[in-house]
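Before I ask anything, here is the structure I am working with.
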Amino acid sequence: MSCFISSWKISRRRIQGRFNMPGRIVKKTSDKFGLPPGTLIHTGEKMTDRVRITFFDYDENNYSEKEASSIEECFELRDTPTVTWINIDGIHDIDIISKIGSHFNLHPLMLEDILHTNQRPKIDDYENHLYIVVRQYFYDEEENEINAEQVSIVLGRNYVISFQEREGDVFNPIRDRIRNNKGRVRKSGADYLTYSLLDTLIDSYFIILEKIGDDIEDLEDEVMNYTGPSTIFHIHRHKRNLLHLRKSLWPLREVVGSFRSEETDLVQESTDVYLRDVYDHTIQVVDTLELLRDMISGMIDLNLSSASNRMNEVMKVLTLIATLFIPLTFIAGIYGMNFEYMPELKWHWGYFASLGAMVVIGVVMVIYFKSRKWL
Amino acid sequence: MSCFISSWKISRRRIQGRFNMPGRIVKKTSDKFGLPPGTLIHTGEKMTDRVRITFFDYDENNYSEKEASSIEECFELRDTPTVTWINIDGIHDIDIISKIGSHFNLHPLMLEDILHTNQRPKIDDYENHLYIVVRQYFYDEEENEINAEQVSIVLGRNYVISFQEREGDVFNPIRDRIRNNKGRVRKSGADYLTYSLLDTLIDSYFIILEKIGDDIEDLEDEVMNYTGPSTIFHIHRHKRNLLHLRKSLWPLREVVGSFRSEETDLVQESTDVYLRDVYDHTIQVVDTLELLRDMISGMIDLNLSSASNRMNEVMKVLTLIATLFIPLTFIAGIYGMNFEYMPELKWHWGYFASLGAMVVIGVVMVIYFKSRKWL
Amino acid sequence: MSCFISSWKISRRRIQGRFNMPGRIVKKTSDKFGLPPGTLIHTGEKMTDRVRITFFDYDENNYSEKEASSIEECFELRDTPTVTWINIDGIHDIDIISKIGSHFNLHPLMLEDILHTNQRPKIDDYENHLYIVVRQYFYDEEENEINAEQVSIVLGRNYVISFQEREGDVFNPIRDRIRNNKGRVRKSGADYLTYSLLDTLIDSYFIILEKIGDDIEDLEDEVMNYTGPSTIFHIHRHKRNLLHLRKSLWPLREVVGSFRSEETDLVQESTDVYLRDVYDHTIQVVDTLELLRDMISGMIDLNLSSASNRMNEVMKVLTLIATLFIPLTFIAGIYGMNFEYMPELKWHWGYFASLGAMVVIGVVMVIYFKSRKWL
Amino acid sequence: MSCFISSWKISRRRIQGRFNMPGRIVKKTSDKFGLPPGTLIHTGEKMTDRVRITFFDYDENNYSEKEASSIEECFELRDTPTVTWINIDGIHDIDIISKIGSHFNLHPLMLEDILHTNQRPKIDDYENHLYIVVRQYFYDEEENEINAEQVSIVLGRNYVISFQEREGDVFNPIRDRIRNNKGRVRKSGADYLTYSLLDTLIDSYFIILEKIGDDIEDLEDEVMNYTGPSTIFHIHRHKRNLLHLRKSLWPLREVVGSFRSEETDLVQESTDVYLRDVYDHTIQVVDTLELLRDMISGMIDLNLSSASNRMNEVMKVLTLIATLFIPLTFIAGIYGMNFEYMPELKWHWGYFASLGAMVVIGVVMVIYFKSRKWL
Amino acid sequence: MSCFISSWKISRRRIQGRFNMPGRIVKKTSDKFGLPPGTLIHTGEKMTDRVRITFFDYDENNYSEKEASSIEECFELRDTPTVTWINIDGIHDIDIISKIGSHFNLHPLMLEDILHTNQRPKIDDYENHLYIVVRQYFYDEEENEINAEQVSIVLGRNYVISFQEREGDVFNPIRDRIRNNKGRVRKSGADYLTYSLLDTLIDSYFIILEKIGDDIEDLEDEVMNYTGPSTIFHIHRHKRNLLHLRKSLWPLREVVGSFRSEETDLVQESTDVYLRDVYDHTIQVVDTLELLRDMISGMIDLNLSSASNRMNEVMKVLTLIATLFIPLTFIAGIYGMNFEYMPELKWHWGYFASLGAMVVIGVVMVIYFKSRKWL
């Protein structure tokens, strides 16, 4: 009998292992409470040990690439006419952030937002800079987990500074394109580079949604065939993950929609057609997310109906057995009574007559049930 | 007893066979990840073996029609004053697409969208071209499946290029109208031809919805009369199909709404009244879709109530039988006890008295149940 | 026992008879597929045998009224300065429609919409005409059915042409007002007549909603007192009817809202105050519809709770009887065992002692149940 | 056993008595059907026997107050420079309404709306008049009922005419302020008086919502402690009441929002700050209403869960008793068989051994249940 | 058996103790009914005994800070060029409020709103003042309660007057910044001070949501592992709390969104970038609130499924035991009958044969159940 219940005590670990999104729902921000605006405090988890600074410097004909040992190495590039892309992996070193801030003349509130790793995706226009902050998700095949980090992009006149929480390879294809002069990136300005970064980030959502979508279709089969108690927890897990993604995705539409040449002179008109394209992708990601959410909620309904169906089946079996045998047992009980004068007991065929009567009653009930389509 | 449960293990195939929409929910796009924008890669399934190129060239007085063996045959028609309609069935041959692209001067992003068969319906204005991409659904009577493909339409000054994923006959009525000079099509320009294509595509949604609507009404009867466990899966299947259709249909309103003479000079004012008509149709399709969705969700509620009603009935039977016979069996049990001194056992009429008592108790309970309206 | 189940197999006819809305949900339109726009095909049911043409011609001082045997009789009235109202009952005769079309110079798309009896309510402005199409509902007391038809109204400079699918008397009050010169209608132009027609049509929605509202309040009593399995089907039937009405009603707001003097010079400014009034009525009808929908969905919840309450009651009875008698039967079973050495059996008062024990156990359990408030 | 069921047949009267809103949901309007617009018919219930006409006439220094025996007494006040407030209690006397209409030159549609007591709250601008119609609710402590009536306010150049369906004291505080020259009312014009009336009407919503809110919090306790079958009906009753209130409240926002000095020159700019205040109140009432609605729907969920919890408890008891005693009864049944050769029966300690075995089995099962946390 | 039910009678106190929000849902406002607008009545609870008045007076170089014994002490500061911040803790002393009102020339409606502690968050522009009213929440660690109070802020040319219902330390960090000249506050005007106050208030929402979020995640574990009847009440408690917070939070977006330099000249353009930041925070708080609400409603679904799963398990056990033993008991009953001629009873091995038959039947049923995956 243990089997009934053992399936119930699902190892919570096993469920969490399936597309777990680590971390609390509501990130801790109370440390910051009461500090003056613009105070630099890193509120997130420290995701990498050392801060890695790499930079690219290119125009259509030349490019250089370097890993800097100190942030000051990049500073001279600010004033060159070439496009400069400084990438910072790891943001817990407040010293580096504030040096960049003072050299590139970034607003204290912007620096605060870079460090405060629980931003809502947004685009902020600070006269000479455009500050974009989005959330990036990637799927860790080994741990079967979805991880997230905050990516900040600062677009200046001819430089881009990007901040990531940990070292990642999501921007490598763009690095390759710069190195090999593939596509338009070397021919275009800093705005096109920013577009490329955004495009790559949004494409990474497709991969996550693809993974979740596959898992949801598998779950759908599970629900249709047999709904163990753990199925509903898996469904719920995905629902929760989609809630997370949604919180990051919805504002993205606005961010990408505002990143246009009409809005700021940091974006050239020739980049607009590409921004329209990335906007379309964003809408498509949001559409897919909503589709998955609708499917999940359909599956919750389905699971409920399915469970209620099974319950009905089980109850029917019980009712059938009980209504079949309870009357028969009653008859047997009657002839088990010890009255002295019970004429049937003396009849030679009494026993077989009573057995016969039971069979007849049983058969009649089965026929009746059949006619009621209960069998 | 097997019948109870056998109905449960529904062949999933059978359900899927009922208006199945093949393919994954979230289409695979990860192959494209990291490629520069405008890279031509065909991401969809290869739905046809060879690429079939047909073209029409007509004005009010003349028309010619041809199946081209190579795409170059159509190129000279670009500069003629007549209206040219090039139709490409099958888009997996990247070579053909890029040749068309360079000859007709199409933007790389547009070519990418043509090949990337998971587009959200949209209309893009590229200076000299209008790019429209929509999803077309058709019902395969034999397989009882709903199939979908992406249709791209490029409207130039006096030519229309349409891309379909597989050979289909949905545009045949328009071909006939061109051949026989029926309706306004031969008298009008490329914009009217585009309108005709769109109108046909949107009309095909009506057919799909009609099919689904019929099936839903049948299901409603099923739910009202008897709700087997498979009914809920059919309902769910339709809900899912409608989710798919909705994803393609909602943006269509915007697409058709933007295809107006005010927006672009590729559309003449005289076509506007027809575009208003096709817009009305789109709204009507969306309305019908939403109506069906509301009906489906009503049916899910109904099915739940219905199942709960049946459960109540079954429980009532069980309760009735059990409450009727358990006390009677108890009485029989009492007189089945083997105490030496049980005066009733010696009474001559004891047996019949006890039987009589049982009948009386039974009758009283039945009357009581009747008065409670349980019978 | 048949009574349990017989109530289940509700005659579907009986439910449908309660405010049935005949016809399919998604009307058949596939016949039209592939035809050029403006092709005249009547897609609806033929609701009347012959086409009846009546016309009124009036100004403030005079009026004439006639039933025409052929449509040509009305044609001369087009150019008179008096207001002319031509009413066509029955639209299946394409010949008549096309004659009117060519004489009054109506756009082919308008004629197509008149014949295509599944229009979404809309108002279309064709230079010299305003085309209004709405859905009219009326309640057939005898059949206990709600019937619907499409009413098209063409407003020209000084004439109104109205198309109904069947002969009806909904416009009779307006005819009386014209005959008896009651109200403003004879003093005003064709726009006021159109307003009067619309006003009457919208008022007819109130009657339908009144009927449904009455029935819903009766159902509410039913749900509160006893919820037979058919109640939920009636609720569902109304939900479905309201979905239908809603599909026709929501666009009506837009139609009436657009029928203003600012929009077209076919409407005089003096009529505006009346149009505002009819707009208020439309909003009120929509409000009432939504109120009824909210009530229906409240009743579905209530019915579910109510059913679950009843289930609880039934289960409690079963549990009570079973938990009371199963232990007692067990005791009887013990003393029914045939062991040779069972000392209690020899006791003179053993039987009465065991009976007494049973009574005590039963009483204790009843008291316990009472203390748990189960009784 | 009657107790189970008797609680079910709740006296519907008792539920209705708890914040009953009398009258039909969809008010009868079909009497009006077909009448020309502007026809004066009183469609509501006659709520008072005689029509009571009172008027105030005041400026900053003087005021007079009178109950008029005929409406003509008030007519001369129309042209005085002082502010005149005519209040009509009871609107069933069409004669009075039409006299007012002709003397004050009110539009027939306005008069129709005054009489037609099922108006949606609205504000209509008729050149020289502003017509405001709202719904007023008051709580009848004695009958424990919520009553509603329609209040129409006509704002002219320097007079206000208010129409109530029955005599009420809701405006008494304003009368006192006029009499005692408290507040700004005597110093301001007719627009400020209208504001005061509106303010009082909206404040009366707070009182209703306060009452309902108190009752809902009591119900919440009931749901948490014990959910008898009547609780759900009370919840439903409030849900229904809130639906009614909502229908009257939502349009109120628009009405108050449109009553501004920018919109009409009947309102002075100095009154605007007060109108903003009353607008804030309206928003707050709507917010509170929505909060209560959310609470109600939360309680419906809670009640369902609560009922399902109780069901689980009851089922557990049944399962426990049944699974404990059914196997034991089976053992007793075995030794109650009458086979001639059953060795155990001959054993001296057979009886006690079997009793012992039963006890052991029972104890083992109880321990097992405990370990499963079922006990 | 008591354990089943005892868990049911949850101490309501214990639930309420978990993040209780004290006070009624709909605050009492009926005391105010009928009073002229601008009448000063304190409608809230008296939360502090004495009124505490503190003020700061500062510019970039100097600052003074004092606790005033009477409100008049602050009056002279109104006309100094320095920034003055007067903070009033406790608003029940109407005398003080009206003195401030007359000295600073505040509108009577504003004073009324300050005293009426159930305001909806709003911003009102009174020519020379900006009136902001928001709701502040703080978590009382000791009582495990969430408390709320109303905070009113009046922004004048170079002074800020803030009104709190009780003494609190939420503004202490700002006081420290003024004292120590940290951040921009001493360098900026009264508008920046107002921003700082708002920023602090909004940050306090994060802390509340963090607390609730932690508790919700704990509850999620509870639901997944075992759902006692009290879990659903905790979930409901949080749902209710979030409803409260939402009522205060949604309007906040509008308030902060309207507090911009374009709207009023009391705000300098240099403060705008900080206001954008606080606006972002507000959006983020609202997002988090909605996320929590979505999670709660997901948990309600999950709890329902979970309960229904458990019910299924319990029912399965019952069905299994019953269907296994009822037929066996029936067989035992047959051989317990007392017919004189029952041949099997005479067989020497009859007893063992019947036992064997029972074992076989039992085993077959278990195998059957296993094959049906019921075991």
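Letters A, B, C, D and E mark the chains as written, and numbering starts fresh at 1 in each.
Please note the rule applied: a contact is a pair of C-beta atoms (placed from the backbone, for glycine too) under 8 Å apart; a residue touches a chain by one contact, two chains touch by 3 or more.
A quick note: this is a predicted structure, and the numbers were derived from the prediction, not measured.
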| item | value |
| --- | --- |
| Cα superposition of chain B on its sequence copy chain E - rotation in ° rounded to nearest 5 | 145 |
| Shared interface numbering between chain E and chain A [over half = same, under half = different] | different |
| Between chain D and chain C, distance of the C-alpha-averaged centres to the nearest whole Å | 26 |
| Euclidean distance of C-alpha centroids - chain C vs chain E, Å | 42 |
| Residues of chain D whose C-beta touches two or more other chains | 1, 5, 304, 308, 310-311, 315, 317-318, 322, 326, 329, 333, 336-338, 342 |
| Chain B to chain C touching residues, read off their complex | 172-174, 177, 182-185, 199-200, 203-204, 206-207, 209-210, 212-214, 216-217, 221, 224-225, 273-274, 276-277, 280, 283-284, 287-288, 291-292, 294-295, 298, 301-302, 304-306, 308-313, 315-320, 322-323, 326-327, 329-330, 333-334, 336-342, 373-375 |
| Parts of chain E lying in touch with chain D, wherever the complex brings them together | 1, 3-5, 8-10, 12, 15, 24-26, 28-30, 32-39, 107, 109, 118-120, 122, 124, 126, 226, 229, 232-233, 236, 239-240, 243, 247, 300, 303-304, 307-308, 310-311, 314-315, 317-318, 321-322, 325-326, 328-329, 332-333, 335-338, 342, 344-351, 354-355 |
